[in-house]
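Going in written order, the chains are labelled A, B, C, D, E and F, and every chain counts its residues from 1.
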Amino acid sequence: MKQSTKFGLAAGFAGAALFAALPAWAQAPAAAAAPAAPFVPTAAMVNKGDTAWMLVSSALVLMMSVPGLALFYGGLVRTKNMLSVLMQVFMIVCIAALVWASWGYTMAFTGGSGALAPYVGGFGKLFLKGVDASTLSATFSNGVYIPEYAYVVFQMTFACITPALIVGAFAERVKFTPLMLFMVAWMTIVYFPIAHMVWYWAGPDFLPAAPADFGFLYGKGARDFAGGTVVHINAGIAGLVGCIVIGKRVGYGKEPMPPHSLTMTMIGASLLWVGWFGFNAGSNLESNGLAALAFINTFVATAAAAVSWAVIDQVKHGKPSLLGAVTGAVAGLVAITPASGFASPMTSIVLGLLVSPLCFFFVTTVKKLGKYDDSLDVFGVHCIGGIFGALGTGIVADPALGGQGWIDYTAPVAKAGVYDMATQLWTQAEAVGITLGWSGGVSLILFLALKYTVGIRPSEEVEHEGLDINEHGERAYNY
Amino acid sequence: MKQSTKFGLAAGFAGAALFAALPAWAQAPAAAAAPAAPFVPTAAMVNKGDTAWMLVSSALVLMMSVPGLALFYGGLVRTKNMLSVLMQVFMIVCIAALVWASWGYTMAFTGGSGALAPYVGGFGKLFLKGVDASTLSATFSNGVYIPEYAYVVFQMTFACITPALIVGAFAERVKFTPLMLFMVAWMTIVYFPIAHMVWYWAGPDFLPAAPADFGFLYGKGARDFAGGTVVHINAGIAGLVGCIVIGKRVGYGKEPMPPHSLTMTMIGASLLWVGWFGFNAGSNLESNGLAALAFINTFVATAAAAVSWAVIDQVKHGKPSLLGAVTGAVAGLVAITPASGFASPMTSIVLGLLVSPLCFFFVTTVKKLGKYDDSLDVFGVHCIGGIFGALGTGIVADPALGGQGWIDYTAPVAKAGVYDMATQLWTQAEAVGITLGWSGGVSLILFLALKYTVGIRPSEEVEHEGLDINEHGERAYNY
Amino acid sequence: MKQSTKFGLAAGFAGAALFAALPAWAQAPAAAAAPAAPFVPTAAMVNKGDTAWMLVSSALVLMMSVPGLALFYGGLVRTKNMLSVLMQVFMIVCIAALVWASWGYTMAFTGGSGALAPYVGGFGKLFLKGVDASTLSATFSNGVYIPEYAYVVFQMTFACITPALIVGAFAERVKFTPLMLFMVAWMTIVYFPIAHMVWYWAGPDFLPAAPADFGFLYGKGARDFAGGTVVHINAGIAGLVGCIVIGKRVGYGKEPMPPHSLTMTMIGASLLWVGWFGFNAGSNLESNGLAALAFINTFVATAAAAVSWAVIDQVKHGKPSLLGAVTGAVAGLVAITPASGFASPMTSIVLGLLVSPLCFFFVTTVKKLGKYDDSLDVFGVHCIGGIFGALGTGIVADPALGGQGWIDYTAPVAKAGVYDMATQLWTQAEAVGITLGWSGGVSLILFLALKYTVGIRPSEEVEHEGLDINEHGERAYNY
Amino acid sequence: MKLVIAIIKPFKLDEVREALTEIGVAGMTVTEVKGFGRQKGQTEIYRGAEYSTNMVPKIKIEVVCGNDLVSKVVESIQASANTGAIGDGKIFVLDVGQAVRIRTGETDETAL
Amino acid sequence: MKLVIAIIKPFKLDEVREALTEIGVAGMTVTEVKGFGRQKGQTEIYRGAEYSTNMVPKIKIEVVCGNDLVSKVVESIQASANTGAIGDGKIFVLDVGQAVRIRTGETDETAL
Amino acid sequence: MKLVIAIIKPFKLDEVREALTEIGVAGMTVTEVKGFGRQKGQTEIYRGAEYSTNMVPKIKIEVVCGNDLVSKVVESIQASANTGAIGDGKIFVLDVGQAVRIRTGETDETAL
């Protein structure tokens, strides 16, 4: 049985110590040494500590979306639109889970066929056919497996949060049902293929026997530990396109539109941070020293970016703002996401310190110049932060800078590859470009199609009165 | 030493793979093969991954109660009663923890004596006597154990949330201290016995030698993976009885009583969802493929039920509401609870899709016809959703539908039993009926006793002004 | 390579069972038996279940700070100062993480040199030099190790929350930037040395060969399982000094200053409780029966203290208040912190029941008599509760009371030591006294230095209008 | 025209509104206010600190009506807002010189 | 002096404020209120329970001005707050007997 | 009778209330409002977007009193609400034609 797993190139280990720690693998040397005989992972290759970690990580990533992201976004809109944001995020998570279980997992994480194979998976696991409580998924280590359901559900949480990120770009002025239609189409045409291109590969024990069984960008050597391209650039560019097609909010630039509750935004940002450990360290698929590395990188990059943004606020406006600090924190989380398993804590801090000024420039100067109304700065924070992180990964992964380098899995037993920063950077740029182009292009078509058919924007009067009462028949608060 | 564990019948495995994965068990074949020699679990049978998972699950279930349930309920009441709900839930959790450690655990999870043995445990572990850091509790697998304290605390969280669920039914019109008295009595007379009847058994390594050492409903073959009967039906019917005895809120049906903060309700629902993974997947007691199955089932059933309720809202009122979506999510969580370890993801989705229309019918039409004021729909969502889930478990557990069937533990090494859906459904219905009868009947007596002694309802004036200021001397908000 | 770990004296086991459960240790008997040959921990001594547990615990402790503590504190201030509290806590966490990774970890958890060695660590791991994904940290068991990054990050979360606790004492009247300066200095001069004195030691496999390689208070035999002295007394006394130096709030005692949102305070308290399991049970460094013990102790002590405070409220004011209940819960958490791995559930309940009246007395009577304005009762709850817990640990750890006693690690294989309560109590008192003196004294100098240089208190007008708009340029709510 | 200002107990709002609608009042404006008077506020206690706020939540209703309707309006409010307990509130009547309907520019009684 | 009370739609506040500033009004006081009138409130539905609140969020502006300015103030509000849709609101004018600036104790028109 | 309307700084409320109680005012009604005037609002900045709100939180006090008490009420408010800084607020006095105590139906000065 062929097993699917995640990440084009996984982290190399500073020493062989961690490999030696895998008794299960040691028990299967014959299988690993002779790729001609088909490798069969056994239940003994599953460690309950890994399983526990993957389940916890999945719960943490769900917490990032609901209530995390919903509150982070919701606090920033006006009272009259609070529920619309909560509802959009909540329902996208629900719909995405159903879509993922139905046709997403198979499209992203099985081998496809024919010329399309590098770009999208097959339909062998439609409706999770063939997946059961005893099937296994590969990790990045030879001879280490996790229950396939754990892998399906962990990846499900990624499929849930990514489309939800998009809605911030055109918050306060979008019709609910058309938005849900967009999301189903976008996941199917954009998210699953990109996830397949970047993350699909046969797994360490299978790759030697199937050296071309991987996604297009994986094959190119692009690395994205936890979703800089697949999640943040992907969603960020779709958001930008959406907010331009939909147009500015009524009164934008004239009326004040202050956040209705920075308290909620702070709660959301905090839960995003806490949950993001599942996102990043969980993406290691094993609970070992590398997961701990991804964890600490995620911690310090975020802290650095928050401090960095607060300092910018102080310098520019004389006052460090909470919204600045938490925006910086999120920018730091975005930037470290693709790099979290490759960087060292000190290079993570550098990434964090640098991403904030860049994003600050985009959410202030560029947004003003570009005259687009990206309500909650999905482009400025997620897309730009994601691009910065994706390119930065190419730098900080360099073992010369304390990075984890890359692992060559083509041999029966994986070993560290030779690192070439220039090549890697170029590959990273290609992955960024392809994601921007595909997600941006398809999103444009989808938004335009909706705009000129069912309509995507509510009437001006509805916008004045608020989406909550008009689209959902409720008010957020009745104090 | 005899060990206690949970669940009448545990999940069967699609293959023997997971069993083979248990080296600890393999080391004790003699003990298992020769039940005549008393089996003694050893520390080597404990896996740290399982322990980590049980501790995390316990923390998650506490998070379901506080702040999860407290916010879900609290957001739905009027501002003047917000604190009363938060306080009721918080204090019930605290008191329940103390009661559980004092006499609850022993009443639920030790073997009783004499004619009462099938209905309630003994008092051998009163105040946790005999439990220490080295004693162990059985799981559903031969030769797999967890620290007994982990089991005690995991079950403690269930004992904390179940009584807290009840208060939603008569929110905004109940006196605090009498309510606490009710809860202590209800736990003692209703919850512990029902938990004993449904979940107590000797454990897989002990059962062959003690083939009658189990609770009444366990013995009948009723299955309730994580608490459909013990938690939701149990609490739901007590709530209905309570709201009828206490009577309607002053102004009910005349004054508008809109939720004071759907934002809080959404946060609460989200944390319930996140925490429920501990509740359901934790109930597997091991972090393995079956826990992952329970996890994904919990995820997709919830998503399906939320979508389903939103669609009903759209059809009936033209607008999908957030309150509808999160109510659906909770209904889905309730319905999947007893089935989470038995269903497949696709049958879980079906359960989720169907539970929402059923609950919708009860919280709208039936409640109107019945003329009872179940303030927060504890009956309509928890009791009805729980009944639906309990019966549905009998269907979706069928291996013919991709379910996990049942395990025959009477042999020294457990093996899959032959599944008969009709029999199972009948058994499930019996468990439902007994729970409804016992909890409903005892609750009626308790509420009436309180009503005619210390009184259970505050004066009309207090109700007008709000419970917060009158019962607790505080206001929730001083903006 | 010498490894650092935590806790002066760890818990003794009721039996040898848990030791026997460690196969890794069994594989290294030679190393353990012959301390002359330097012991080298191997990757095989790492259990993935432990790693998973430490990562989860770290995430939980971060959740205690943000959003937990921030909300607990924030809800208690007036609307106009809400953001200032959120911002202070959030930024302290960020800055502390950077400081910890830069020079905190090495100062606290490496062996120092010369006469200062007992009081502060060296600089060998400045900027985490030498720490990588394969280095390991010791636990309290022979032959059991965790990834060093996991240990660094777990301890990082403690370094983040401790200074954040302080701000509650002078909330609503402090300038942001000077406060941040104070925190960096306080961590460096107070927190890292105290952590070193109490928690640093060579580890069970190294101690026999290096019998003097430990911190000053560790050497004296003081025990502090999860931070009664290091965290709570340390922060609490600093808070008291701060609030006295800074002075009372304008209008204190004349204007009403009711909490602006007890809802937020309740959310914060609940998340503190949930996260505290990571704090206490995580401090066991392994996911085993002792972690489960610390978990259940944390649960029931909190519950008991909440109930106890509610009863006092009822008796004194005729009404049990939510703020009382959650304050009690936090007091219980504080009290059980140093004792969590040593007490039994029943003695934990006693600690919980007793800490509330004591803290109640301090936050009401003593505060009134002392005429200091400890805005959020950091001294009354954290310092007093911490002192009570630290002394109580000396009592409840006694095996005669069901406690875990202490482990003698000087032999190659650790074994239970003989318990002498009077000696232990005296040692505990010394640790309390040294912490009070050092933290109190240094804090006094730091606060005075800031007061008479950059200034630490905003103008009266700013205080009237609120810190949010003046210090941060934002408002918490724009409903 | 007259402006009738009534301070009432919050839970009486619906009854008063219905009573006014019945006698032909087509519009009114409602504000949440706090009242200080004979009725004592509840004591709030936070960690032992007692606050006797003295302020009680009230609802203020403002109705502008023609001179002919005034006495009926006052009576109707007085009847419907009455509970007989302290704190039921007050009604004040003031003269209005001019009224304009913004939408149409209509003035005075036709504007109401 | 006159007290001009205007009930307007919330999103018109900025426009009205600007219009008034232009004609020389130096101060005003603004209150969030709920209005009952011809404009129907939205229906809220919570788990099937429908509430037709009848109450619509409005903004009340109070401006005290000299007698000479009154007509300009009224016209200016009427022009700037107008959308032509039901619920645009009302303007009422009352007599003010006395005005004091607290800071200086100045009285009447100089106090404004 | 007169209706005295005072717009004051929020933190002065308690002092004003006490001052009024001292001179025998038995009741008043308090509303949270926003004021626009000479005093400039704070600038809020959210991710670089600056909002100068121009609106400052204020408290509006309404007291109805007999004609004899008016000048004492006005003076007392003016004295107790004064800080000498811009934004201290205003006092306006209007005529009240009628007053009713809802509970008892008492009218005019006895109703206060």
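In this section, contacts are C-beta pairs under 8 Å (C-beta built on N, C-alpha and C of every residue); 3 or more make two chains touch, one makes a residue touch a chain.
Keep in mind that this is a model prediction, so the values were computed, not measured.
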Chain pair showing more contacts of the two, A-F and B-D: A-F
Same-residue or different-residue interface between chain A and chain B, half as cut-off: different
Contact-pair overlap exceeding half with C-F, pair selected from B-D, A-F or B-E: B-D
Chain centre separation in whole Å, for chain C relative to chain B (CA means): 34
Chain C and chain D, separation of their C-alpha mean positions in angstrom: 54
Centre-of-Cα separation between chain F and chain D, whole angstrom: 18
Per-residue multi-chain contacts in chain E, two or more chains: 31, 44-46, 94-95
Multi-chain contact sites of chain B, meaning residues that touch two or more partners: 47-50, 52, 56, 256, 258-259, 261, 267, 317, 319, 321, 323, 473-475, 477, 479
Those chain pairs that satisfy the touch definition: A-B, A-C, A-E, A-F, B-C, B-D, B-E, C-D, C-F, D-E, D-F, E-F
Interface residues, chain F side, partner chain E - complex: 2, 6-8, 31-38, 54-55, 58, 60, 74, 77-78, 81-95
Residues of chain B that touch chain C when the two form their complex: 42-44, 46-52, 54-56, 58-59, 62-63, 66-67, 70-71, 74, 82-83, 86-87, 90-91, 93-95, 97-98, 101, 127-128, 132-135, 147-150, 152-153, 156, 176-177, 261, 264, 267, 471-479
Partner chain A, residues of chain E touching it in the complex: 11, 14, 42-46
Residues on chain D engaged by chain E in the complex (per definition of touch): 1, 3, 17, 26-31, 64, 94-103, 105, 111-112
Chain C residues within the chain B interface of the complex: 11, 13-15, 17-18, 20-21, 23, 47-50, 52-53, 56, 60, 78-79, 258-263, 266-267, 269-271, 273-274, 277-278, 281, 286-293, 295-296, 299-300, 302-304, 306-307, 310, 314, 317-323, 325-326, 329, 344-346, 349, 404, 477, 479
